[in-house]
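Note that the chains are named A, B and C in the order they appear, and that numbering of residues resets to 1 at the start of each chain.
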Amino acid sequence: MNKRSSWALPYFIFLLLFVALPLILVMVYAFQDGSGHFTLSNITKFFSDSDALGTFALSLEVAVENTLICILLGYPAAWVLANKEYNRSAVTIVLFILPMWINALMRTLATTELFNMLGVTLGKGTLLYGMVYDYLPFMIYPIYNVLNKMDKSYAEAAQDLGATPWKVFWKVVLPLSMPGVASGVLMVFMPTVSTFAISEFLTNNKIKLFGTIIQENINSSMWNYGAALSLMMLIIIGITTMFQGKDKEVEGGMV
Amino acid sequence: MSVTSENIISLNHVSKSYSGKKVLDDISFYVRKGEFVTLLGPSGCGKTTTLRLIAGFLSPDEGDILLDGKDISEIPPYRRPFNTVFQRYALFPHLDVYDNIAFGLKLQKLPSEEIDKRVRKVLKMVSMTDYEDRDVESLSGGQQQRVAIARALVNQPKILLLDEPLAALDLKMRKDMQIELKEMHRELGITFIYVTHDQEEALTLSDTIIVMNEGKIQQIGTPTDIYNEPKNSFVADFIGESNILNGKMIEDRKVEFVGHCFDCVDEGFGQNVDVDVVIRPEDIYIMNKLEGAQFSATVKSCTFKGVHYEMFVDTDKGYELMIQDYNAFEPGSTVGLLIRPSDIQVMKKERSCNSFEATVVDSTHVSFLSETFETEEQTRFPAGTKVLARVAFDKVDLTDHQEDGTIDGEVHFLLYKGDHYHLTVLTSEGEHIWVDTNDIWDKGDLVGVNIAKEDIHLCELQQ
Amino acid sequence: MMKKILAKCYIWILLILLYAPILFIAVFSFTESKVLGNWTGFSTQLYQNLFTGSMQGTGSLMRAVENTLLIALIAAGISTLLGTVAAIGIHNMRGRKRQVISFLNNIPMINPDIITGVSLFLLFVFLHISQGYVTVVLAHISFCTPYVVLSVLPKLTQMNPNIYEAALDLGATPGQALRKVLIPQLRPGMISGFVLAFTMSLDDFAVTFFTRGTVGLDTLSTYIYTDARKGGLTPEFRPLITIMFLCVLLLLLFINIRQFRAEKKQNLK
């Protein structure tokens, strides 16, 4: 039976070649100059480039804001959806998951068009609105999943021990649902911090996010600087993932 | 019954390890054609591993498995003429009842009329005639069990292997299925090898029982033999209820336990030898008067068990005994007790003292069980000498918290010996420590183990 | 009661906001106006334009749609094969090895698209592989396969571990046991893995953008990106978005409702 473990070998080699090696290359390129010599200049360039630093900070700010808004809007929605008293229909849940499967660019363009028609000036406000709109389902779904699978007897036990409905929520339901919030944060924060095309459309190129700068550098053949910027992004991602700890298992059953 | 004298399968000195841990240690036994053999033991004793070796899902590290005298160790499971009834049935969920049963026959490419005939016949045998189109997941546990048996039997195996087939059923269902299995065995004349941890099931069904514990065979015998003459305290405790007590063989046919001297029928142990004594609770005569009794006791509790009463008594010398009798005796009353010589089962003690292979560290330290212990100062053994460290059972100290002990372990097995408990503690390194204690522990308790320096006795390691 | 109405209202307001842009596009796909929000009467002209190609640049738009579907199909197919075999292997792995491969498997799912895109771009540059169709497909396989692995693995864990042995016991060779017992058991996981991989691939913009090279290969996403940057949405995108939305809606409703029914049936038992 144990020979079966070798079946993973082709995929393992594939992963090494197409996942591990590329990430290593990002690091290698980040520390090389155009002619392949070791250098720290790409990194120092980033830290002395006020434009890049500002964009970096703005990206983080937008991502944090977006994540917070998504939690504030998404948690109550997930809670209502998971509550049998309020919602019995599977269709409502599917309606919330559905936008996750439609091309984000298309949805963003549709939003932009709507703003244009309503005469709203494109800027940071519309950027945040569009981001929330794009990523809210990714927050609702994992929280809903955890709440829905939660054993109802925890809440009942708390009530039995004298907790009011509010106390039950704060002391039992909310702490137990944190893994869902955590994976929601992962699914919202990561893409927002790295987004590029979406921000261009939503602000009519007025606001540049970090992703756009990476893309511009790569497209104008500044690979090494682009790699260094990507490395900065990777570090942010790494830190966020570490916060998630063991809860980062992304659910496979979204369909 | 058609048990012949001809061996169908035999295991010779079979051993098997998983990641360094020996799960089967030099197992040898044979099964005769047509026999109903049960492998009996607690979980983790190696019984399922033995069955899987026979089925061919595992191959032995050492030893060989002979079928009709030919070694089959290297033959893959799909070429062995055995079929298995799995613990959780392992029916194929994507096939209906009929296709599950026909699976093996279709692989043999039998003509479809033949398949049809055989499937229907076996369905009839397990009383599932009208179920052939049913989805297996819609069946009850008992019905799935029948399908699993049918699926195995339809291939007409030389041996039917059953891995705790009744474990998932409720009590009533289990009793009914036991009777049916016994019937099937009688009718078909196929050899059955049956694995269970339920001693009652084993006693009811088997021609021969093989009792196993910790990868070793403890005893092989007929149900009557095993019940009446357990070879050691493990078997005595595992099969039925029993009083297991420390005793001393004074001389042939004379044994002392619970503070009294009794006549018995055992000989050949020598004089003044420590032994284990087993008395079945139904073999103790209990009466209101003291004349004619061998010793007296006070009744502590009396519980009605349906057919008999189960009583716990404190003897005059302070031992606790379990007694089963058809008459009830009031708690608090004084009773007389009598044990007949032939009902006293005397067994050789398997061990009298913990002894560990140890290395002397310095004049006041010694290391064993991968830890270092303090000893009383000695100059007999220089540092680095390999010695034997002996610790009496009652000198091992257990604590509630693992971190308070020099070694941590888990209570693995416990035996009540009338006035104290005899525990087997399994250390995290997989070693055994035996402990006599008056404290009450449960199986699975995590404990810390301490040994005082004056209780470690070093002696020469005998080669 | 009050609470219930509030809760329902909240849900519906969110849903309306979520769907407003798409519905708005869908409504205006039935009028000819070049500018959105300007209703010039009902017309299916845009749909006709889209399908007959009587608009500027439609040829390459249809080519982009074709590319998108074909790439998604190939990538999802290969991912399903690779991922299923890998899942069987991983299921039989223990300890450190399993941790390493699970960790690697998680990376593409956690990594932002842009990093995946940039890193693969650098890989192809480093290996001097000219970028085009093949590199896009390879890149898609690399971020799709983890989803297949994660869809198939639970099916393996749920499976009675004795099932494979039972097949051997009844005389099936390992190959037969795989075909007749294991694969049928894994099929639901493989199907949902395939669907996930397919949608992931359809959806992708960033990875394609960085790995398509300069041979003029366009998928729908990159086409839209270029087109929109040239100045606004071409009116013919409205019917296209509407059609795609409807397809996804129907597909997902179908799959999910069937799954919920199955779960309910399971719970009733």
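Heads up, the rule we're going with is that a residue touches a chain if its C-beta (ideal position, glycine included) is under 8 Å from a C-beta of that chain, and two chains touch if they have at least 3 such contacts.
Here the structure is a predicted model, which is why all the values come from computation and not from measurement.
*Asks:* By CA centroid distance, what chain is farthest from chain A?
*Replies:* B
*Asks:* Could you tell me between which two chains the number of C-beta pairs in contact is largest?
*Replies:* Counting C-beta pairs in contact per chain pair, the top pair is A-C.
*Asks:* From the C-alpha centre of chain A to that of chain C, how far is it in Å?
*Replies:* The answer is 17 Å.
*Asks:* How many angstrom between the C-alpha centroids of chain C and chain B?
*Replies:* Each chain's C-alpha centroid was found; their separation is 55 Å.
*Asks:* Note the residues in chain A that touch 2 or more other chains, in rising order.
*Replies:* Residue numbers touching two or more other chains: 1.
*Asks:* Out of chain B, which residues touch more than one other chain, so two or more?
*Replies:* 57
*Asks:* Sort out for me which residues of chain A touch chain C in the complex.
*Replies:* Per the stated touch rule, the residues are 1-2, 4-12, 14-23, 25-26, 29, 73, 76-77, 80-81, 83, 85-87, 90-99, 101-107, 109-111, 113-114, 116-118, 133, 136-137, 186, 190-191, 193-197, 200-201, 211, 214-215, 218, 223, 226-227, 230, 233-234, 237, 241, 248-255.
*Asks:* Mind pulling up the chain C residues that touch chain A in the complex?
*Replies:* Within the complex, chain C contacts chain A at residues 4, 7-8, 10-11, 14-15, 17-22, 24-25, 36-37, 82-83, 85-86, 88-93, 97, 101, 104-116, 118-123, 125-126, 138-139, 141-142, 145, 147, 149-151, 153-154, 164, 192-193, 195-196, 199, 202-203, 205-206, 209-210, 220-221, 224-225, 228-229, 233, 237, 241, 244-245, 248-249, 252-253, 255-257, 260.
*Asks:* Hey, which residues of chain C end up touching chain B in the complex?
*Replies:* 160, 162-163, 165-174, 176-177, 180-181, 184-185, 269
*Asks:* Can you name the residues of chain B that touch chain C in the complex?
*Replies:* Going through chain B, the ones touching chain C are 55-57, 76-78, 82-84, 86-94, 103-104, 107-108, 138, 151-152, 155.
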